[in-house]
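Below are structures written as structure tokens.
In what follows, chain A forms one complex with chain B and a second complex with chain C.
Up next is the complex of A and B:
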């Protein structure tokens, strides 16, 4: 199968919340668990008998009912999830695992528990800083979740099972890395849209099934002759993007997203977990230290430096920072990052957006103007 | 609707004698306020005062504090009027002490976020300066006072949908209107906007900064231990970055004073439970907000509460209600409408509504155990974690909803007024649930759409219009005035 055929298959997966991967996993007796934030460790929901599903609301047309409960000043991702939940679109889930990542998601849990009353729902209380005390706290939180998963679903949450899940995720990340690295090439063989398609499919239940396919995809990529022309290499930074349509618009204007630093992207979540020692410690350390999200309150400079480093590593010409409207933490962070990047002489464009693609014409104009401002 | 059947009234007085009474109380307390202000100017020196007025233009707003005094006492009567004036005078005195600290103890000043225990800073011989305080006080005195700061913040790229309180604080920082300090102490409370605002404040002020981490689920031993350790980390950090040194004996005195004040407050709550209430309004909410959050452990606070309890008891013995015609009793939820801060006084006159209790005041905290250093830190941890902005606007929804329904029963409340600040996403996202639950319980609910500190979003008149519609259509009550 050539790379384009893989992509066409993955696109089908992206169109529905309940995709073919989840159907197959369910048929095999696995329980799909929904989650909304990178601070819910995927490895923990990948234990034998479970399948992690990063929740999306593909094609959501409106959030009229969710707005009644969440109000229209809550981010549209959160509202879209509630709308789909109220519409019964997540009926396939065996449970929901949340992280107290931001105000919006915390209120999603409150409203979901009130309106939908899922059989299994759990909130991980994730610290807002790093350090030994925070790590110890988080390890205990993960242990509580493990006990609940064991008691509710009967899954093995022992150290051996956890280590196995870590190894499996590491293997996936290593294989994905081989594809991701190709984006560093001067003429990348795959676009940002194509890479993100792989990422989202993996996040939405496909990680296990795609494990073997990744090597084939990487091989197919080597055979690929098409090289998409572009005007500028872009580093995309921000919050949740699980709809490739946004990246499609950026790339249709001549941009090429060669690196990502958002929670549904590959950097730095693809970093490998420690396979030695206590597995819960390894998962907790990995999750807390991935420093991608400004909800970790002490690390603005670290995040800024990471962006500058990534820009250099992936030879990006400019940075686009996107954030969902009404997201307080990204709203303030992006204003500060813009200033920091400008001070460092980096071309930067800040885009505030809705969860579903909207205002496409305006978006195009701004991206085109940005590319022109870089002389591209 | 549970309109009061037995209405107690003050002895009849004509309009002019009431006005004269207001004027006499106003004259007495405003003169005292001015006297304190003038003393501070003399102490500081006129030239230095002029220089600092230019450096900190917000002082000019604070100097107009007597406007607030007038708005609080106007039309109120007897001991209730006196209690309102006393609370205001207490605040003026504390603000003057704060200014005195800024002018004369700048070498010990620490800027802190509003959910950090100032008790610790004081016990360490440091001068706490709550960064959010100006954003709260200024619109109370002059409703449009923080608009320039909000605009400065938005012009710096901060999204307009962020809460206007952190926007005001960020604007003050961007304009260079915060006093020089040694360090910044902040936390992940009370909301994402508040937490993130300190990234900007730290960048602008370039000061050593510590951030405390407060768990989401706080009502358990693990959380208390975790946050107590955070407070220990704070103490060690302050000892490293400032000349402050922890004086545990001083902390004990502060905590014991706070306990005494809290004991008086409980007595006050017992009084306001009665229908009609012998005291209400600022005597309940503003006294709490100031004395428990800004100056906890100050002897003046204990005296205020002690005196108010005495006045409330006297009113009760003499059969005098705080307002002569208490038709309805309301619970105010969320921080009150600070740019329409005399909403309490207005509601009393317009509809005979006593605003009895509010979310910022009510709590279920016991006294701080001063038996050991660790016990005190545990007590302070619980106060912060269970603080209204932590417990209601950030914590699980049951904290928010259970408190509302408990208070309505306990304080014999007829209706809930939610001050629906558009920038508070946490509470906006609970309005739908609250609406349904109130409907189920037959509890009338008014959600006032407005912005906490920016009257350009919804003006005083806009708020009044919403209340009028609610009172007319839901409560079927006519305006008295």
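Up next is the complex of A and C:
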């Protein structure tokens, strides 16, 4: 299979909440567990017998029923998930694991528990600061989840099983990184849309099956002749972007998304975890220190510097910061980052959007004008 | 506006939601322009308006005879025979800079969009902000409102200038604003005062958009709504400064900017 055929196959995976990877994992006796936030460690949901599924609502047309239960200042991602949950579109899940990443998702849990009553629901409490006390707290939180996973699904959550899950996750991240590195090239052999297809398919149940393919595709990319012409290299920053249509619009205007610093991207959450020492500590340390979500307090400057470093590393011409409407966390962060980046002389465009792609004409005008303002 | 003259022609075509605009330049300046109502098909709008502009120039038989043509506006990808397309934000900036290089801030109020644009000394875009989805504060909104008064837009504009006091229209949504206005009229409130309230509501939204990009003098207004004197007066009140009039029809600024860029692309 060549790279393009593989991409076409992955595209089919993105069109439905329950995809072929999940179907095959379920047929093999694995239990799919849904999650919505990067503070839910994928390694824990990848223990033998489980399969992690980052929840999406592909093709959602409206949220009429969810709007009855959620206030009008809740983000459209949260609404879309509740709508699909009420439509029974997540019936394939064995359970839901949440992290208290934001209040909107907490309201989703409240309504889900009240309206849908899933057999397994768990909420991880996540500290807002780093440090030893926070780490100890979070390790204990993860231990509670492990005990629950063991009691409910009978999965082995011992240290050996956890270390195996970490090693597996690291192996995937390493192979993915080999592909991501190619995006630093002057003429990247794959577009931002193509890379994001890989990411979403992996996050939505495909990680285990895609492991071998990643290596083959990294090799196939070396032979790939297609070079997409572009006007400007873009670093995309923001929250949850699980719809490639958004990136498609950016790239159809002449942008090339070369780096993805957002919740469903590869930076920085796909960094490797320690394989030595206590595995639960390693998972907790990695999650607390690497996700770099604006929900964490007193780290704005660290996040700003990381973006500047990424821009240099991937030789991006400009930065696009996106956030979902009503997302308090990314809404405030965006405003601060825009100022910080402008002060550093970096061209930056802020885009506020709905979960479902809409207002495409205006979006195109904004992006095209941004590229033109950079002289591209 | 430019000293040189030659037989080469450069076109800009701005396909907007309400009207299609075309400007043709030669080395000396503007030689033709046209404005037509938009058709359903943006390509058709572009063709009609470009043919109308070409017709004004003796010896220019066809759109294809233009040395360089640039499309802009929401239908910019659909302009037939265009060599390139450029966003209307860059084109308005270029058009205004061509007319008056001292302008640093533009408010462009079109049929479905409101845009605030900050310019640098060379006519480049420093920053911009756009209304988001909602049509309140756009030309479409004013069209809806003037229909309630059974008036054309220019009559509505004149009416608003006769107001003795301004009756605020507080609904942000166009549909609810219509209900509010009908309710005020049924209470026998003076039509001119209500019309002034409507103009003030649009001006306020435009002002808040401009605040996002920073307001640096001099300020001008472009787009079809720039011809609405009542709106311009209301906006100048919020800005507390003069809104600089342009020497060329402000509705043509997008097409003019596209034509100027076309001439630059051709190295003239």
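Points to keep in mind about this one:
Rule of thumb we're sticking to: the second predicted complex is superposed on the first by the 375 of 376 C-alpha atoms of A that agree within 3 Å, B and C clash if a C-alpha of one lies under 4 Å from a C-alpha of the other, contacts with A are read in each partner's own complex, and residues count from 1 in each chain.
Just so it is clear, a contact is a pair of C-beta atoms (placed from the backbone, for glycine too) under 8 Å apart; a residue touches a chain by one contact, two chains touch by 3 or more.
Since this is a predicted model, take the numbers as computed values, not measurements.
Using the contact criterion defined above for the overlaid structures, shared-chain residue A:362 touches chain C, although it does not reach chain B. Contact with neither chain B nor chain C is seen for A:135 once the two complexes are overlaid on the shared chain. Contacts of A:298 after superposition: chain B is touched, whereas chain C is not reached.
Counting the residues of chain A touched by each of chain B and chain C gives the higher count for B. Of the two partner chains placed by the overlay, chain B and chain C both lie in contact with A:352.
Touch criterion not met for A:121: it reaches neither chain B nor chain C.
The intersection of chain A residues touching chain B with those touching chain C, taken from the two complexes, comprises 352.
Within the complex formed with chain A, the chain C residues making contact are 74, 86-90, 113, 124-126, 128, 130, 132-133.
Contact residues of chain A toward chain B in the complex are 68-71, 73-74, 100, 102-104, 106-107, 110-111, 113-114, 123, 125, 127-129, 133-134, 137, 140, 294-295, 297-298, 300, 325-329, 331-336, 338-339, 350, 352.
On chain A, the positions that touch chain C within their shared complex are 352, 358-359, 361-362, 365-366, 368-369, 372-373, 375.
Taken in their complex, chain B has these residues touching chain A: 156-159, 161-163, 188, 191-193, 195-200, 202-203, 211, 213, 215-217, 222, 226, 229-230, 233, 394, 396-397, 422-423, 425-426, 428-433.
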